[in-house]
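When the chains are written out, they are named A, B, C and D in that same order, and each has its own residue count from 1.
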Amino acid sequence: MSKLNLSVRVGNIQLRNPTILASGILGVTKALLKRVAENGAGAVTTKSMSKEPREGHKNPTVITFEAGMLNAVGYSNPGIEKAAREFADIQDVGVPAIASVIGTHKEDFVRVVEGLSGTHFSAIEIPLSCPHTPGFGLLAGQGTPQATFEITSAVRKVTELPLFIKLSPSIPEISTIAKAAEDAGANAITAVNSMGPGMIINIEAQKPILDYKVGGVTGDALRPIATRCVYDLYEAINIPIIGTGGVSTGRHAIEMMMAGASAVGIGTGVYYRGIDVFKKICEEISQWMRENSISDINTIKGAAHD
Amino acid sequence: MIEQPAMVKICDIREESPLVKTLFFESSMNFIPGQFIMVWIPMVDEKPFTVSSIQKNLLGISVLKKGTFTDLLHQKRIGDTIGIRGPYGNGFHLQPELHSCVVGGGIGIASLATVIDTLPKITIIQGTRTASEIIYRKRFTDMRFCTEDGSLGFRGTTVDLLEDIVKKQQFQKVYTCGPEKMMFKIVELCKKHHIACEVSLDRYIKCGFGICGQCDCSGQRTCVEGPVFTIPELNTMEDFGRVALLKTGERVDVNNHRQLSYISIDNAK
Amino acid sequence: MSKLNLSVRVGNIQLRNPTILASGILGVTKALLKRVAENGAGAVTTKSMSKEPREGHKNPTVITFEAGMLNAVGYSNPGIEKAAREFADIQDVGVPAIASVIGTHKEDFVRVVEGLSGTHFSAIEIPLSCPHTPGFGLLAGQGTPQATFEITSAVRKVTELPLFIKLSPSIPEISTIAKAAEDAGANAITAVNSMGPGMIINIEAQKPILDYKVGGVTGDALRPIATRCVYDLYEAINIPIIGTGGVSTGRHAIEMMMAGASAVGIGTGVYYRGIDVFKKICEEISQWMRENSISDINTIKGAAHD
Amino acid sequence: MIEQPAMVKICDIREESPLVKTLFFESSMNFIPGQFIMVWIPMVDEKPFTVSSIQKNLLGISVLKKGTFTDLLHQKRIGDTIGIRGPYGNGFHLQPELHSCVVGGGIGIASLATVIDTLPKITIIQGTRTASEIIYRKRFTDMRFCTEDGSLGFRGTTVDLLEDIVKKQQFQKVYTCGPEKMMFKIVELCKKHHIACEVSLDRYIKCGFGICGQCDCSGQRTCVEGPVFTIPELNTMEDFGRVALLKTGERVDVNNHRQLSYISIDNAK
């Protein structure tokens, strides 16, 4: 059998393989992004960056449960000025790096993207979908077609980089919102952010465990929902999809791609299987491709559709 | 491994010094010395603490009163509950066959207490600013003390004392925990004398299980690859002795006390 | 310690314990409802009944995955005429029985409820929330405050039985919809129905496993979302809540009640732990109450709130 | 236990009769004779089938062509794939120490084939409408046949033949699978002669794992508590021999063929 091709394109970015570190996982420093790249990721995404520094919610901010993870980190980040310094030489990471940009008003997004002008990111990702941070995402009304269109358009004007819009699984009609993003010039959709929010109560303490009480659900619990979102989006839009939610094995990644994803985001998988989850997933994909006589991963994209 | 905080009842409290208390509780967690747990006070916060005492199912954490959270821990009474999850981190790589020295600065000695319990032939150095801050005097009867003000034992830093001792007695390994400036100097000393050394780092811990990236030290997660690092590892970690991240992720001087007082007692100047 | 009290009230119905068999699980025949009662349930709910008979979706209709279950049964039922005959002597079951009633138009709900007039059900439950059956629930636009108000009002007029409205976790603003139900005369809210929908693809077959492609997600994956819904509802409405979603242990039931539920619905738990899951949960609740010196289960209701 | 359908490749096909084919595939599932699997044809449907042959990792199902789904199974070629999950149900309670008789009506013999493989001393009765419908003739060389038209073996029903045999030879246990009317009569016969009896019921199976309630028979789930039931169990099951549920859940006469033709061959009239 000829050599396997695992490389994929998202917009005009070429990835050596379809695994992408999802935003908010490890992406606090360039050093950690580099380490993730060394562990096999095809691309990496930074922790989301806002105009001003943010301490985020108090601890506990992340807990696990039998079906996944619950988090309400609250977008802690040092603010765009310091973040831009941290990621100044981001090309050192060795794989394409995606800058995650958040804001409350559309001007904030623009300011943050402008703040990144000195850096060498390969793309900008904009989550309009966080379910647990006041002033951002769903809690700032960003989960509507209008808001999506406006924010995407505003950012589109100030950058030539590929623009990925990240959507929530917890809003009805994800396709409508994705179309608004596409119309406004987005180059890809990242589907999805964490779902919910959800709550876990410690019954001895008689209190929610997360300090913010509620948080977004990720991991296995999210996977069927994320897969369905990707499947629906694939039929609704023409730009590529980064399928994100509960991917921690090669089989999961293949499932996401068959639903229509061009690449897969991996977050909670780092917890399930370690920082080398990227390498492991790629090996599992390769083995499956060999067993099923598939030489180019791109041929399975959307295969589950009629 | 306990993934969600389990509420445990405090069944004993020992006052180790005016600022340090050891809280004991029952738990059947299995620990490697140097690992840590996350301690939860509902509706308040959750922070990392080393287990400083392991006796069958009785565990203890030694807490230095430093800010809001540790103050609240000091206010806990017998019968009160706290939440714990863990253990997390790698722990020390114990080599009982080697002649070793344990060097604790300030509350850092808490991380080394179970190392001391485990290793047969060791020299123990505890350094503080002043005599009243020394802890575990009854627990470990053969400690060498050093205080900045000279009120007990050697006058000076643990680094000075270690250097003194090393001149007479060759160690094969040093285990240390304390202010990073101190540990940095100890590592330099060990390198000079070709002594193996393991240090337990202190970084801001958020998730505790390797997902948030908050505890980064040059690409190493303090909560997973650490908190214990060896000299070869530290050699690749530029941030060691220099940089730590604040809660926002901002990089700051690890030795700058206004920003970051991981250990309030810095006797390694 | 004095005798433990596990009995709770939902509306004016007294249950010997807080466990209720959720709709769509086993409730096809009176005989199975009776067996569930013998296995400890405090109350039982029938499979949803529509005006006309329905074969439902083709198989596979229910599959499990590591974090729960995915189902698209499609409301198979013999239609109200034959269902009313099946459940004619429903009092034989020995515990309160709840009739689940579905429809497309509000007149359908009324017709089904009227069709039950000869039976002895203790309450009517109306799911306005199914995520995977065309013509019903979310797919019939029933997940809005207006539709909820209208359907609830219409049914309210034709029955004196306690009326439970069952809501979806997958719509924003569950509290608004619950309030509409309360305003229209509902006596309790069942929270929640299955979430999503979600999709699982078999990568060898390259096809979704469920014949309907998508289905509602239940079980562990749903629990944090359901708990948060119950928590929010407890602060928003004054009628009791039947907390449903991922409850399969005594600890889960206690968690739901601390979030604000008066009783708990159990569906997927029957798969996780067998048909005697009700008995097991009650034993686990009792043991926890003993260990924590709680003699009346009702005292923990809403305990996780400030 | 395989929870989600696993795709397996058909590696051999045996024509057992004009209407019955056995499909073989590799799988390492562990079976108790009488258990069943759910067979999936993607985009079509998923239905229950007994495993009729177990040889190390090679399993077989014997399929009677009856409607759309079984027709599609008959069209499968070697190398084609089907999805399987299971095993489900309880299976027979095998008692090799007893003198037993196995009575199969129509395709019901498929459920009993692995019972026959397992038990050392048994009498085997296979009944069909006519000689061409008899299967497993080479596999089990010592079968007693009965056909409605008398074209092979005894002329009449399996019940008549069993009654005949019982007069001469006392069995301690009967295992049976076939049309419910037939099984009902066999149970009556066994009760009269104080013979233990286990029957494998046929009800509409949807989930296969006890959650949907579709396979109810008087409060017993055919897919979990069944498909095999004993006489004491059947004594409490009013619906046995009388009522089955359609796909809608509607109760119908289990012997009414227009509504419900679980087994197309009814030689027990």
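The rule we apply is simple: a residue touches a chain if its C-beta (ideal position, glycine included) is under 8 Å from a C-beta of that chain, and two chains touch if they have at least 3 such contacts.
Note that the structure is predicted; figures quoted are calculated from it, not measured.
Visitor: Going only through chains that touch each other, how many steps at minimum separate chain B from chain C?
Guide: 2
Visitor: Measuring centre to centre with C-alpha atoms, which chain is farthest from chain A?
Guide: Here the answer is chain D, farthest from chain A.
Visitor: Report the inter-centroid distance (CA atoms only) between chain B and chain D in whole Å.
Guide: 68
Visitor: Between chain A and chain C, what distance separates the C-alpha centroids? Give it in angstrom.
Guide: It comes to 34 Å between the two C-alpha centres.
Visitor: Using mean C-alpha positions as chain centres, tell me how far chain A is from chain B in Å, no decimals.
Guide: 36
Visitor: Between chain A and chain D, what distance separates the C-alpha centroids? Give it in angstrom.
Guide: The mean C-alpha positions of chain A and chain D differ by 51 Å.
Visitor: Hey, what residues on chain B touch two or more of the other chains?
Guide: None at all.
Visitor: Mind pulling the residue numbers of chain A that touch at least two other chains?
Guide: Each of 65, 200, 204, 207 in chain A touches at least two other chains.
Visitor: Does the chain-touch network form a line, ring, star, complete graph or other?
Guide: line
Visitor: All pairs of touching chains, please: list them by chain label.
Guide: By the stated definition, chains touch in these pairs: A-B, A-C, C-D.
Visitor: Can you list the chain C residues touching chain D in their complex?
Guide: 24-29, 31-32, 34-35, 47, 53-56, 58-65, 69, 73, 76-79, 82-83, 86, 200, 202, 204-205, 207, 209, 211, 267-268, 270-271, 274-275
Visitor: What residues of chain D sit close enough to touch chain C in their complex?
Guide: 3-7, 38, 40, 42-47, 81, 83, 206-207, 209-214, 216, 218-221, 224, 239, 245-251
Visitor: With touch defined as at the start, can you tell me which chain A residues reach chain C in the complex?
Guide: Result: residues 65-68, 70, 138, 170-172, 195-201, 203-204, 206-208, 213-214, 217, 219-225, 227-228, 231, 246, 251, 254-255, 258-259, 288, 292, 300, 303-304 of chain A touch chain C.
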